[in-house]
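Multiple structures are listed underneath, in structure tokens.
Below are two complexes that have chain A in common, paired first with chain B and then with chain C.
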Partner chain A sequence: MKTLLNTLYVQTQGALLRLDHDTLKVEVEGRPRLQVPLHHLGSLVLFGEVCVTPALLARCAADGRTVAWLSLHGRFQARVEGPVSGNVLLRRAQHEALDDPHRPREIARHLVAGKLRNLRTVLLRGAREAEGPEAAAPLSQAARHLAELLRELPQASHLEEIRGLEGDASRRYFAAFPHLLLGEGEVFTFRGRNRRPPLDPVNALLSFLYTLLLHDCVGALEGVGLDPQVGFLHALRPGRPALGLDLMEELRPILGDRLALTLLNRRQLTEKDFDRRPGGAVLLNEAGRKKVLVAYQERKQQEITHPFLEQKLPLGLVPHLQARLLARHLRGELSAYPPYLHH
Partner chain B sequence: MQVLVTYDVSTETPAGRRRLQKVAQACKNFGQRVQKSVFECTVDEMHFERLVRALTAIIHREEDSLRIYRLMEPVEKYVQVYGWDKKVDFERPLVV
Partner chain C sequence: MEEEKPRDWLDHELIPLSALEHFSYCPRQAALIHLEAVWEENVFTLRGRYVHEAADLPGEELQDGVRVERALPLYSRRLGLVGKADIVEFHGEIPYPVDYKHGPRRRREHDDLQLCGQAVCLEEMTGVPVPKGAIYHASSRRRREVEFDVPLRRRLEEAVAELRRLLGQTRLPPAVADERCRHCSLAAACLPEVTRPSPRLTRYLTRLWQPSEEP
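Presenting the complex of A and B:
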């Protein structure tokens, strides 16, 4: 059983990461800041101007520890992996599944079913916690609509139809999303999803969380030996981690949206944690990023019971388990991919 | 599991002082220094075996002393700390 290895996030500009025997040492302005035995770390995520010595990079590559560079605002820039590993037969099975006339559609159907179920769970929880029936109504209504789309899903005969249902569900969900934000005076407003750049704090937060989640999903797929670029729901495009995006869909509501709502509704994030740029872009600043990174890591430690495997485990291991279930399906050991359904 | 490594390495000879350095480095590879000759390490069974092997290969059996304790978990409940404490929990979010 894989244990949940920690991720080291470095966002202090000018930090230097070096290998010291079997430990990783972080130095800032020549002074040691942190020393961690490598066996605690599953991956490194570095924001902006952070240097890594070649020796540390080589060691991480050799051990299968991924290193990713993101911009200060969480936009993915580069990622280093070691030699191609994993099971070549599994990757072949993955490519063959893609060429099959039916299997991409069936996998996409299950991925979308998982996403819709989990979006619905977020809406229903919001409706339960809403202040009064008036506040709950738009949420229950959106949840009902998602349930209808879920019922249509088994009948969709083309991949395009499934993508259409997913798009429809997302629109309905984000239309209801403002009602999930509690508190009067509209501290944070949300008028629909926007990105590149995000135009309000809620969108900035969602984008940042999705980037962290994508990193974890791609890492999980690589961990089981799948090719993160060969996706089924998402079309192939050079440089696009289509399978990473596929795997992320069912997890966005839980590790992204639900966490964002908690941070905003508990006022753990305030206006001061965001920078407004000329031109309208809104981005998390250093203090805000740190709060989100800590909250994200803590969320991953929360124990859940996996409904398919009937096993207790930290939420952060779910991407790894789902990657393994997908691999089992591609190998033909499972007749369908079972998505993760959050309670 | 969490283990506590404590040692007393004789530093009367240059060879002893070298052993002291090596013991400290071996401990750093697996955990962190909480006092001058005391390290706390979070390890799985495999790393624990490696740690023991690394340390016993360095020490001099007549001159040095090495004690390894398995800590009762959860450690926060069973270990009390007073005075300075620079311990970092490597299982908690690591954000620099």
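Presenting the complex of A and C:
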């Protein structure tokens, strides 16, 4: 089994990362701050003004370790990859699948089924943990709606219908989402999903987690040689990692939403972790981002049993395995894509 | 059988000597490495190889009166083979290839086939018959001598032809799904247990549309 390597997140502005034999050294204002053996690291994610020496960049490229720069608030800026990436036969199969009259619909159907199942798992868990039947009712009801939509999914005869069912499910789910937030004082309120910019802390947190997850999904796809821009559920747009977004759908509830709920319900994040900007935008600040990054890394270490492969593995490897299963499907070795279902 | 006359092979028709060992172990493993460009799982193996290559800088030296060539580029125009020998000793005019094995011991035949490929290259390059060579096992620091007899040479030619056919297609051969998979560093990429025909996928996908009951 592939081992889950750490992602090094650096958000100290002006930090310099350099190669020192087989280790990575972080310096801030000329002083050493951290030294990590390179073989522990699977990827580097750098926020804002973080410098990397050419020698370190070359080494990362040679080892297949991606280096990505995000803006301070998590917008993707750049990524550096090495030469040994991608498999032209697999990419060709991916493009051919896209031109097929049926296959994009079938792949999308399975991706959405995975998402609906996992959204429902989040809702049902919330219902079980709710304070009393009154609080549980809207969650159980939303879960029932999602089950209905799931049962309609096999009958959908067009890709557009599948996208429509996915949209309905998301709306139902986010309408019930406030009931997943515990606590009397309504510390954090949520009135539906908004982004660019997020207008409340819950949305700011979800957006940031989704950015981290998307980075992992794109990395997983590139790692198995798939083209992250050629998606099936998400339409192609210049610069859009459509397949990254596809792969992310079934994982959002588990690596995004569930983690956000834990951070908020356990009061690990407070108002102080967010900056409110004039005009209403809300963003995580440096202290908040740090808490989220640590929690995300810990969440990825959590051991699960993969329901299809029937193997134990850390949750953080699931994007990689799903990318591999998708690749096997596209290369004609699995008759359908089996999504990840979380228990 | 391959034609006997030397010919100009196209780049993609040339067979890397290392592929012979992979192919002999498992055709799908060879295809994953040389066709699918699967490498990620094997990054540590690869790194080991880089270290190994760096240590074996090309060069020539004399050891106890024997001329030794390290990292010698090899080719056979007749079979369309390319690669590199770890060590070639020259016993007088007679080349004697020695292949270094670092990893866990594999079954002999896989190593022997690759070494025989090196011998065939050396014969063509020097015009001198190469009757013997050796596998050096780094873990036990022992040499095992291999004789390039007619059956081994015949197996080599058959393997080259089959491998060329395999790498000329674009499809992966099915997983062997046997004992070999347990020792294979590419098992995670290969997914032998799920790509083998089985009711597993059908069962999983049937359940997909049946959500569990509400509490």
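Keep this in mind: the second predicted complex is superposed on the first by the 342 of 343 C-alpha atoms of A that agree within 3 Å, B and C clash if a C-alpha of one lies under 4 Å from a C-alpha of the other, contacts with A are read in each partner's own complex, and residues count from 1 in each chain.
Note that a residue touches a chain if its C-beta (ideal position, glycine included) is under 8 Å from a C-beta of that chain, and two chains touch if they have at least 3 such contacts.
This one's a predicted model, so the numbers in the text were calculated from it and none came from an experiment.
Bringing the complexes onto one copy of chain A puts chain B beside chain C with no clash.
Within the superposed three-chain model, A:120 lies in touch with chain C and out of touch with chain B [touch as defined at top]. When both complexes are overlaid on chain A, the residue A:26 reaches chain B alone and has no touch with chain C.
When the shared chain is aligned, no partner comes close enough to touch A:78: not chain B, not chain C.
Counting residues of chain A touched by each partner, chain B versus chain C, the larger count belongs to C. The superposed arrangement places chain B and chain C with a least CA-CA distance of 6 Å. Across the superposed pair, chain B and chain C both touch chain A at residues 39. The part of chain A that touches chain C in the complex is made up of residues 1-2, 39, 63-64, 84, 86-87, 89-90, 110, 113-114, 117, 120, 124, 127-128, 140, 143-144, 146-147, 150-151, 153-154, 223-225, 307-309, 324-325, 328, 331-336, 338-339, 341. Partner chain A is touched in their complex by these residues of chain B: 25, 28-32, 41-44, 47, 88, 90-96. Chain C makes touch with chain A in their complex at residues 35-41, 43-44, 47, 170-172, 188-189, 191, 193-195, 200-201, 204-205, 208-209, 211-212, 214-215. Only residues 3, 6-12, 15, 20-23, 26, 28, 33-37, 39-41, 290, 293-294, 296-298, 301 of chain A touch chain B when the two sit together in their complex.
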